[in-house]
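What follows is a set of structures to go through.
You will see chain A twice below: alongside chain B first, and alongside chain C after that.
== the complex of A and B ==
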């Protein structure tokens, strides 16, 4: 009887042990795999940003083909949300509760991100590198959310500072989109002007759907601005530059990092983007930065679809996820959400192809405990669509 | 088979005890549903229920009264913003804020109904389209409404009940949906409903018979907008965040597509149309996971339909299903249901 009981216990224990790695493993992590998710608009109004998610996918393929992370391969689950927050939330919940994601990467757009922010926070599911420089991610900071995109406010400050101190500009006007993105740029610019004892000579707001920008440019021209800072969409910025040229209004134009894809901008503006100064998200193509060249050769050339373009949006998908890969490496073989968050918090002075990334232990009163990147550098568009570097990386807190 | 033999048979809400039995069983299943499924399916059910409300209202306008609207996303937005602002800024409780916001939407519906007295067909479509686009532009420019930054929906509390999960919200939503469907069914069966149908079939004849066109056309717009307002108010709490860009023209078109695919002038059609199209919209991307067929479709998409190598085949399948339904069954899903019922009526003999 005793022997029989022992045999049953032994079989039961063996059965339990055979499942041990799975019984105690974290959601989305197995012995050989880590499941990571991302939403990205492949269709709909923001489809132009779809290459962020594709860039991440190709980067993960490269990581896997180079041995994975601590013996595990990344299983990447990307879905198209069409920039519709209801679909973002449905897709995130489906993957999270169906397959089980360990963490989420990037995710284009403020409103799609806000639709799932609380859901991820309530479950303490890590989310690294939302692809929008919104204050919503870090104000207030959340334990599970690590932002990599530099804040728009800081970028605007850096541009205005350069215009005043290095270029001696005295009359600065601002054209901005009437949304959170545009207003953050406006706030940063006004703060920097105030710090120099100046005021904007004109502030012109526009809606995303505005197509006739002549009245806006007329106001800018009337202000006799010698520098115009544009915090608008790619299309709006191109139109402002074009209409200004037609009106023989030729200030120094400056713009956000979202318009720093110079070949694209030169193409849209038929060469009028030459001379425009922008902030940047990361190292520049053709700058000779070794890691960027390596990604071009080993990631883009090898994995990207043949119609894909090696541009800022594509490799932004790498910039936003490099710190995540670093965190996964540091968390080691015993990968749990807690160990991953602790590893992310230990990242100091990390340099990939984007700005330097620094995180700190979670502090609900310090947004920089979760705002990892606070650097940019300024570039000017040349006639051939290449970029001339104007400054080194500078802190923009 | 749906022939009515006397007046009382025509106006009764449930046609037989069998219908009452199945209806009660369905309500029971709906209330127990969240106990057996994960939070994702509850979210999907919430999403579908909200669309059922708005499509039921739109079907009253399009299917029963013969008008058209391409601006229902505008009423939806008014409901969403109205509810959130009344709660967050004026301190209204949710159960008061929701109908108040819907009444504001109904007020706008009434105003939009006035030009409908002189417009019809494509002209009315353009007028309503303009309304839908304008409303989001106006909301985006008003700071009180959060401008383009949008607004966060506050937590819902009803007495001591805090509805902070999808499952808790589901019970409130499903109750409201059932009540609104009942109300609509009742409305259709009254003289008001018959006046709507008379206007749809021949408005001049209806007027000759004493139907007040001014009153009933504007009423149809107001009731339809009220439903859209209620649905919008609920939608804000499903997403927990709203901004003007959410309420697009595409949203209005999808509402109209749900009405047509479901079946014009049918409540069952509204429910079926909203359920099918919402389900396909959320789930069709999983078509790529089907063995062999998924791979074949993905290759087809990459080769012919996508310049970036990412599949978008689900939208082509989605569109094809809608075209096929409208082409082969002009009465929509309701027509398919009627035919199925007829086919099985004499079974097993």
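== the complex of A and C ==
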């Protein structure tokens, strides 16, 4: 009887021990793999930003083919959320609770990101480089969330400041998307106007599904604005510029970095994007920046799909994840979420192809402990779709 | 005053694309009493087909458009023949669900095959070239859309009223069994209806594509076209066109004078209102089926 009991216990213990490596390992990490997730709109109204997630995927392939990170390869899980927050939440939960992600990279959009921010924070699952410059990521700061995209508020301030101080614009109107993304830009612009003792001559909001924007442009024209700041989708911005041309309304247009893919914008506006000034978040194609050229040659040329285009949105997927890779390297072989977060906090003066990135140990009263980048620079679209750099990198807080 | 006139002109301009989509929906409803929710995506796939001919096969615009119209007719006939006709013991609700299914399949196909990045279609008229009369403007493309909507409405009206085929379609809708008894091949009639409807939708799609093309580009026109069809009466061709222009004008006036934030919602408030007050629409004759 005793012998029988001992045998059963032995089998049970062996069975338990067989699980031991997984019992004590960090979720999403094995001896040879690190599981990282990302969502991105491959369909839907924001699909123009879908190449962010594809750029990240190609960058991770390049990392893997160059030896991986501390003996592990990245397993990348990307899903299409269609810029629909409900789908984002469902997809993140499914991957997190089904497969188990070690951390999340990028993720396009303020509203989709907001849908999962608290879910990831409650579980202390690291999330690096949300592909949106929203204040919601860092105000208040979250221990698990490291923002790399310069704040939309900062971009809007930089654009309005340039319009007033360098171009002498006196009547500034704002067209914005009626969601958190648009309102972040609106707040920044209004704050900068206030700092100059001015007010917006018109504020026009629009919904993501609006396709008839003539009433909106009529309001802008009626305001006699000499500068119109647009914080809308790619399609909306193209229509506003086009309808304005048709109405013979010709202010200086300025726009967020989300519309800084000039070849795309020139194509869908049939050349009307020429002269538009935008903020941007990375070194410019053709600028001769060595690391950017290296990525073009070793990542894009080798891994990108045939129909993919080397543009700002594509390599934004690299910009937002460069600090994450740096953090994973610094965390060493003993990779846990705690060691990764500590490694991310140690990043200072990091320069990839985007703005300089600096993090600090977590401080709930200091949003810059988690907002790594606060630099942007302004560019103007030229007739050939190339960008003319108007300013150097500016620190806007 | 200038603003008011401009808003009315804008309303008429945007109403033309609603009218074309509304017409396409009404054509099918007139024969089968089924609102076709795949209408937008049928137009979408035809537009992308045209884009493919223009860019991948380097065809010139007019032959590409002619081929697109042929494609649209075949697509409509195929969907009716291969999918809707196969439904067992079909009722209206079941058919509506099938059209929603077709919509999703076509949308997924376009996203997969052509990608989701925005693009514009080459077209003889630039989307932002405009006529300016005094302080009032209207784009040339919108004038073309207006002409196309009125022309198609007239042709279809005459077709349904005077042609043999049109009368057969009407008969199929009013009493399918009786129509069969007098020798009308109702299945074939339904197939042709889908073909014609798909053709009208393709015209709308081609006139929208020079401005912007992406897989969701037909959602707004389709929903507004449906709203116009409900408002005008699902069986009245002139009714749907008049309602589409009314809808465009109301939207623009509402956006201009009351609230731009709620401009898009107006169409749906109108649907609810019309369904409550006059369920058969503002311009349709109310038929009561005797049993």
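Simple rule for what comes next: the second predicted complex is superposed on the first by the 360 of 397 C-alpha atoms of A that agree within 3 Å, B and C clash if a C-alpha of one lies under 4 Å from a C-alpha of the other, contacts with A are read in each partner's own complex, and residues count from 1 in each chain.
Keep in mind that, in the parts below, contacts are C-beta pairs under 8 Å (C-beta built on N, C-alpha and C of every residue); 3 or more make two chains touch, one makes a residue touch a chain.
Please read all numbers here as calculations on a predicted model, not as lab measurements.
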Check: So, A:272: does it touch chain B (first), chain C (second), both, or neither?
Finding: second
Item checked: Contacts of A:307 with chain B and chain C, given as first, second, both or neither -> both
Item checked: Which of chain B and chain C A:85 touches, first, second, both or neither -> first
Check: First (chain B), second (chain C), both or neither: which does A:239 touch?
Finding: second
Next item on the list: Once the structures are superposed on A, label A:207 by its partner contacts, choosing first (chain B), second (chain C), both or neither.
Entry: both
Check: Looking at the overlay, what does A:97 touch: chain B (first), chain C (second), both, or neither?
Finding: first
Next item on the list: Report for A:48: first if it touches chain B alone, second if chain C alone, otherwise both or neither.
Entry: second
Margin query: Going by the contact rule set out at the top, does A:247 touch chain B (first), chain C (second), both, or neither?
Written below: second
Next item on the list: Would you sort A:397 into first (chain B), second (chain C), both or neither based on which partner it touches?
Entry: neither
Checklist line | chain B and chain C footprints on chain A, overlapping residues | finding: 42-43, 45, 50-51, 178, 207, 209, 307
Notebook entry, point to check: Within the complex, which stretch of chain A touches chain B?
Noted result: 42-43, 45, 50-51, 54, 79-80, 84-87, 89-91, 93-94, 96-98, 110-111, 114-115, 118, 177-180, 182-183, 207-209, 304-308
Note to self: Can you tell me which positions in chain C touch chain A when the two form their complex?
What the structure shows: 3, 6-7, 10, 13-14, 107, 111, 115-120, 126-130, 132, 137, 139, 211-212, 214-217, 219-221, 248, 251-252, 255-256, 260-261, 263-264
Checklist line | In the complex, chain B residues that touch chain A | finding: 38-40, 43-44, 47, 137, 140-141, 147-150, 152, 235, 238-241, 243, 245-246, 248, 281-282, 285, 302, 307-310, 312, 315
Note to self: For a test of understanding, state which residues of chain A touch chain C in their complex under the given definition.
What the structure shows: 41-45, 47-48, 50-51, 178, 204-207, 209-212, 214-216, 218-219, 222, 234-235, 238-239, 242-243, 245-248, 264, 267-268, 270, 272, 307, 309
